[in-house]
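A, B, C, D, E and F are the chain letters, set down in written order, and residue numbers restart from 1 in every chain.
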């Protein structure tokens, strides 16, 4: 059967700052600039999750998108939406919440829930002009 | 010469339902939910066709986009626009018109018309949040 | 208090055809063209609901958008989404479902549910290039 | 001379929470829900500033947009971008930073800097689906 | 019958420069900056034409959008697309092609072709961040 | 460390024409149509630059996007914005400024400035419907 990629968009709003505890404030500011503001700033994160696999002969689906939508809601939206990523999300207690690192965290959370014969890819927009993609390698 | 991908967008509006004749109404509803409504629903499908090949030294084109635009118009827009995919489009008489299957049908129609030394890829948006990509393998 | 307009977007997917029962098929086709296809076609309708009024001194809201979102969901999305407007939606049994008429039906449904000291306006996209606005007069 | 409106877009990223100091935490949560999270959340705010007036016969401009862009940069972007609105922006020390109130603050800041024979209007997107407009009355 | 506004989008690509023949090069540069480059620059202009009137009881249309689309094609797209506005478009021989002036020219051209009981409005994007609106007064 | 792609958007407005000096006017028109207009036309070019590499363990960045933004500004925006590509940009003196060729020129300019252990890719929109991608091979 043909191999197709299905994509589903979602979004969440969150506060964050770029910051390393083991660096001085001066070094944090030198490297991360205004993104290191100790009072936080925030974004409307736009997320695009892509799943690649063969079309199921019976249904014509690669994966039921309503299942994918529910997965994204449970694993990402409920965990991150209207949260402070640094303060309230366990994965970023020791990990700097750059767009790169957030995309890896999202990939890892979804990877465990999606059948291994399907490939997974994450696109995450921090702003309409800055975004990242990660496919797990 | 450098290998570049050229992309052209197009769109069509159509009605469809997700449905298998060989399944009971109950099973169609269980698997396809409200997408299986026997009275049909519809979408503004947004299509993106991508063609990859070497830049022609003479013209600076990979492929003349006005030829690609005309091809898409003849093969896709005139065949699908303002149509009921299940009822009026031959390719979906026995094939469930999921976004996945529509992308494969579009790929197959265009593949026969585009020079084999050019690679072809299809992106099809069923809604702004749900879309698929297919590159023929 | 300052008078501000708050806007909320929503969407629904539906099938329809432009058609008058009291006209011949020839006249329907002459006036409505391919939009009159008896097998229906469809759209991703994008809806924008705007409510104007004074900012509430206590909350800083004109109207709680989560209430507006719920209203749109109940009155519009649940009534129209994944439906055939001509066949399944009572308001279009005798009314041609042009974008103009759909916007008036949505306005009338929401108008009865929103406090009269707030002004209401509807924007409805039938396609990204064709849309209508209606403010109730 | 004809009266035309010129529009300029800008944006800023900020953290905020909806919150009244004089209310209990319970009441803040009851009214503002997850938007009241004490650890803050954030948005990519998109701003559109509109200025209406007669076309200047000499220049063909209503207002030089490079002057308007500079004004927006100084008065809005430098004041709000990568800031925590509740903690770091004086105007929201006693004012709840709802989209409605932010649009009024932006209007008031720009109004003092733009010639009185020009009308001013503000559109502020908190998310792509929630936005407000304010024209000073 | 309810009064509704119908909107139709179109676009054209053109070269232009901001420039007054009766000014020195120095003054042109001082006022118009890099927009005055004597070798021209260009834009993808996005146009939105809005027509307001009562819904026709028979058709459910304010105005048949296929007629409006044809009008825009003949009066605007064929006149401006892939043209140099300063050099090749008669209306800008003596008029500086600012977005403001282009919107007035488009309004005046369409106004003569659209029934006087319908109101007309023009929105013209010079870039996604700079645009103008004109309603004929 | 995981390999992630970071993307940054930018844009420039420019005039151009498609044209070969060594062809007759007739042949230029036959091949390039209205894009060959000797008075030029123009576009709002939207550019997306993508850089792929391992996440830096220290910063959580693949590449500091403020450095990438500055590079794009110096190498692309300052060189092309508000310019006539055929007349004023050295790279197109002997090269036809098709979107394909522009993307290769941008790639080549940025490639020399970005660390070789990072992969580079260019996406260039000539219009919202026509665009190209190039990854250097």
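Miscellaneous remarks
The criterion applied here is as follows: a residue touches a chain if its C-beta (ideal position, glycine included) is under 8 Å from a C-beta of that chain, and two chains touch if they have at least 3 such contacts.
In this text the structure is predicted, and so the values were computed from the model without any measurement.
The chains touching chain D as well as chain F are A, E. Shared residue numbers account for under half of those found at the interface formed by chain A and chain F, and the copies are therefore classed as meeting with different residues.
The rotation relating chain D to chain E, fitted on Cα atoms, amounts to 120°, rounded to the nearest 5. One finds 28 Å separating the Cα centroids of chain C and chain D. Listed for chain A are residues 128, each touching two or more other chains.
Applying the touch criterion to all chain pairs gives A-B, A-D, A-F, B-C, B-F, C-D, C-E, D-E, E-F.
Partner chain F is touched in their complex by these residues of chain B: 2-10, 50, 55, 58-62, 65-66.
Taken in their complex, chain E has these residues touching chain D: 18, 20, 31-33, 95-101, 103-104, 128-134, 136-137.
Those residues of chain C lying in contact with chain B across their complex are 11, 13-16, 34-35, 37, 39-44, 81-84, 87-88, 127-128.
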